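First up is the structure itself, then whatever we jot down about it.
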Amino acid sequence: MVPISWYLIWAAALFSIGLFGVLSRKNAVAILMGVELMLNAVNINLVAFWRYLDVRAIAGQAFAVMVFAVAAAEVAVGLALVISVYRRRQTVAADEIDLLKW
Amino acid sequence: MTDPLALLGDWLLNLLAQLNLPPGLRQVILYLLGVSVIATVALVITIFNTWLERKIAARIQDRLGPNRVGPWGLLQPIADAIKMLTKEDTTPAAADKVAYNIAPILAVVSVLLIWAVIPFTSQWFGTQLNVAVLYIAAVGSFGVLAVLMAGWSSNNKYALLGAFRAVSQLISYEVPLFLSLLIPVLLARSMDISVIVEKQATLLEMYVVAAPLAALLFFISSVAEVGRTPFDLLEAESEIVAGYHIEYSGFKFGMFQAGEFMHTFTIAALTALLFLGGWQGPGVAQAPILGLFYFMGKSFAVYFVTMWMRSTLPRIRIDHMQALNWKILVPIALTLLMLTPIVDYFTKDLGVLFSAFGGALTLSWRFAALLLTNILVTLAAIEAVRRNAKRNFVERSRFPERPVARPPREEAA
Amino acid sequence: MTPDQILFIVTALISTLAAVMVVSRRNMVHAALFLVLTLFGVAVAFVLLEAPFLAVVQVLVYIGAIAILMIFAVMLTRNVTDDSGDPFNKNARVGGLAALFVFSLLVVMFGGWSQFTAYPQAGDTSGSIVQLGVALTAADGYVIAFEVASMLLLGALVGAIFVVWPRQNENE
Amino acid sequence: MHNSWLFIGIFILVAGVFPALPIILFHIFGPKRQTPEKLETYECGMETVGQTWVQFKVQYYIYALIFLVFDVEIIFLYPWAVAFDKLPLLGVAAGVLFIFLLADGLWYAWQKGALEWS
């Protein structure tokens, strides 16, 4: 049997890799990919705890499904923004999109 | 009547038991055999279908079709395979090698995997999943990925453009496909295909009676999903450069082709299972093996319809293709999906409407109400389309007259 | 080691390596394809955790839709300078350190955990889809979250179309 | 349940081997007389002009976007449909409302003209 700590550590690894991607990639699409990795890490944790605690309490799965919806919404709007910005500024580098800093 | 496959299975189990293997490994070996059998059956049916399709298309078009290699041209597919082997294996220099070579494999895998959950009879099936319907939908997404990979990795403008068009067609038609798949799931209260088939025990209990519109939507959107005529714009060999697989040759191209042929029969089988009762038929309870003939008969009947469509219908235009999907199929599916649960909820306990031939023809109130709902939605949809067409016609007739090329008038000399 | 554990380790290793490729590849299509591999690994993990519904949904949503959308967006935002130059910004070192810090913190937290080493005895998950369906629409369950998710997706659809739809004055 | 997924896992491996095998055999035994010219990309008889990654119109993205939203909403409905027998009237109504909101999204896209292939 796989102990739950294995799942948690794997999820932690995916989360950290995603965090690194979000913090240090230039390309805005790559940043969104990092966010996807982080959301998936969360999902692994939710499902693992659902399975190792009480399977009759369905909260873990219900939350995981909600995370799917949130991830889809985030990708749809995020990529739409990226495409829109690209069409105006011809760039997808996140550190060049700094108009709001002024 | 004893089941020959069960006998064979028992014999194999005995054989394996004598080998003294650990039970886990024994199971894996048994599964490996079962998987190979199913995959082989799927491939053999596909090979046979390539011959059948050419023969039937030829008859419809008043030709003879393949008739040189073997009796009635039966060995033609093998000759084709040998021809393909003698083609040259090329990978374009500018291609992305890994993705380029994985894509054709993925295209076949995405179809072959569906066969893991198809029940041939009540006893013969690969495996039973309680999420089988969603599994089929999920596996199909690998096919989309394969198209995109093939188009992108070829490093060819036309391939990429073809892939984009193909993917936008595939994902668009996945929406009515998933929506119409939901209706048999709703009626059977299960995603397990075996359960869905079991619930369609008699003739009037087939889901094509309770949900004829869903069956039609499923059939149309799966044909579009395969990309067959009239939805074969990604190939359109008579008009444009071939689609995403333009840079492929020999066996790699053959794999895309094989995947398409296999997919066509697979959707026919799925239609038979989900809406026509699969292996159900008279006498199945006594002799389960009869189910195989019923299932195959129904599948080939649906398959014949796809072939018929292919040889008779003209190709649809790309804007019409998208409009048909988003403005007709999806709204109908959504309407149906809103009405079906409501009707189902209020009629599920009402019992039998009429029964004849000793229960062989039993129509429940529930199915009658659902059928009525379907008919009303169909009529409403036809009326809406008709009005829209009329309005469009009026609008178009308001356009100024277009200039027409006329022959120069003869000047009086 | 049991077969379960071997399968888990192989899956976790492959998908973690693929995740590293996702954040480090310069070619964005490659990154997206590696993302598909990572997400498939997560789907395998869901199967191991006996949540088959979530496994197929993972494949359907992430591989079938989100990854495709990502690749489309990459194609639409093609920039000549994408394939050359540094894929990382100037925060890369800080970001790496932060990620390493978070990871080591979590490993220290979970590594020594000796609870939950096996599934609970009273665990039959075959009915979990029905449970999920009931819970999602039950008044004492998640019906609010269910409808809010629908509203959220509707909002996302409306917003995304609004943002991405070309305006008349833009094409000059 | 675990066993049926073992079956699927083996099926994935075998399904990968089935098409891969002829391709590998073909690679080994098929004729190979390759010249740099042959391996060039063929684009309608012309030499390749410009970059392959031409930019595509945003319409493709919009279809993919609508598909993504529908895809996620539909998967919410599958457990609802499976649990249909155990649902009270409120649960059924919640599902129908969900589908209605989904239809709203389609209606918006239609009104906005996002469904036109231009």
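All chains are identified by letter, namely A, B, C and D, in their written order; residue positions are counted from 1 within each chain.
Keep in mind that, in the parts below, a residue touches a chain if its C-beta (ideal position, glycine included) is under 8 Å from a C-beta of that chain, and two chains touch if they have at least 3 such contacts.
Predicted model, so just to flag it, every value in this text is computed and none were measured.
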item	value
Touching chain C and also chain D, the following chains	A, B
Greatest separation from chain C - chain, by CA centre	B
Inter-chain centre distance, chain A versus chain C - centres from mean C-alpha coordinates, in Å	6
Chain B and chain D: spacing of chain centres that average the CA atoms, whole Å	15
Computed distance of Cα centres, chain B from chain A, in Å	34
Averaged-CA centre spacing for the pair chain D and chain A, given as whole angstrom	21
Touching two or more other chains - residue numbers and ranges from chain A	65, 68-69, 72-73, 75-76, 79-80, 83, 87
Set of chain B residues in contact with two or more other chains	129-130, 134-135, 160, 164, 167, 171, 174, 191
Chain C: positions in contact with at least two other chains	50, 52-53, 57, 60-61, 64-66, 68-69, 72-73, 75-76, 125-126, 129, 131-132, 136, 149, 153, 156-157, 160-161, 164, 166
Touch relationships between chains, expressed as pairs	A-C, A-D, B-C, B-D, C-D
Touching residues (chain side chain A, partner chain C) in the complex	1-10, 12-27, 29-30, 32-34, 36-37, 40, 43-44, 47-48, 50-56, 58-59, 61-62, 64-66, 68-77, 79-84, 86-88, 90-95
In the complex, chain C residues that touch chain A	2, 4-5, 8, 12, 15-16, 19-20, 22-23, 28, 31-32, 35, 38-39, 42, 45-46, 48-51, 53-54, 57-58, 61-62, 65-66, 69-70, 73-74, 76-77, 79, 82, 86-96, 98-100, 102-103, 106-107, 110-111, 113, 115-120, 122-125, 128, 131-132, 135-136, 141-142, 145, 149, 152-153, 155-157, 159-161, 163-164, 166, 170
Interface residues, chain D side, partner chain B - complex	1, 3-4, 6-8, 10-12, 14-16, 18-20, 22-23, 25-27, 29-34, 36, 38-44, 48, 52-54, 56, 59-60, 63-64, 66-67, 70-71, 74-75, 77-78, 81-85, 89, 92, 95-96, 99-100, 102-103, 106, 109-110, 115-118
Partner chain C, residues of chain D touching it in the complex	1-2, 5, 51, 53, 55-56, 58, 60-62, 64-69, 71-73, 75-76, 78-84, 86-88, 90-92, 94-95, 97-98, 101-102, 104-105, 108-109, 112, 114
Contact footprint of chain D on chain C as seen in their complex	47, 50, 52-53, 57, 60-61, 64-66, 68-69, 72-73, 75-76, 78, 80, 125-126, 129-134, 136-139, 143, 146-147, 149-151, 153-154, 156-158, 160-162, 164-166
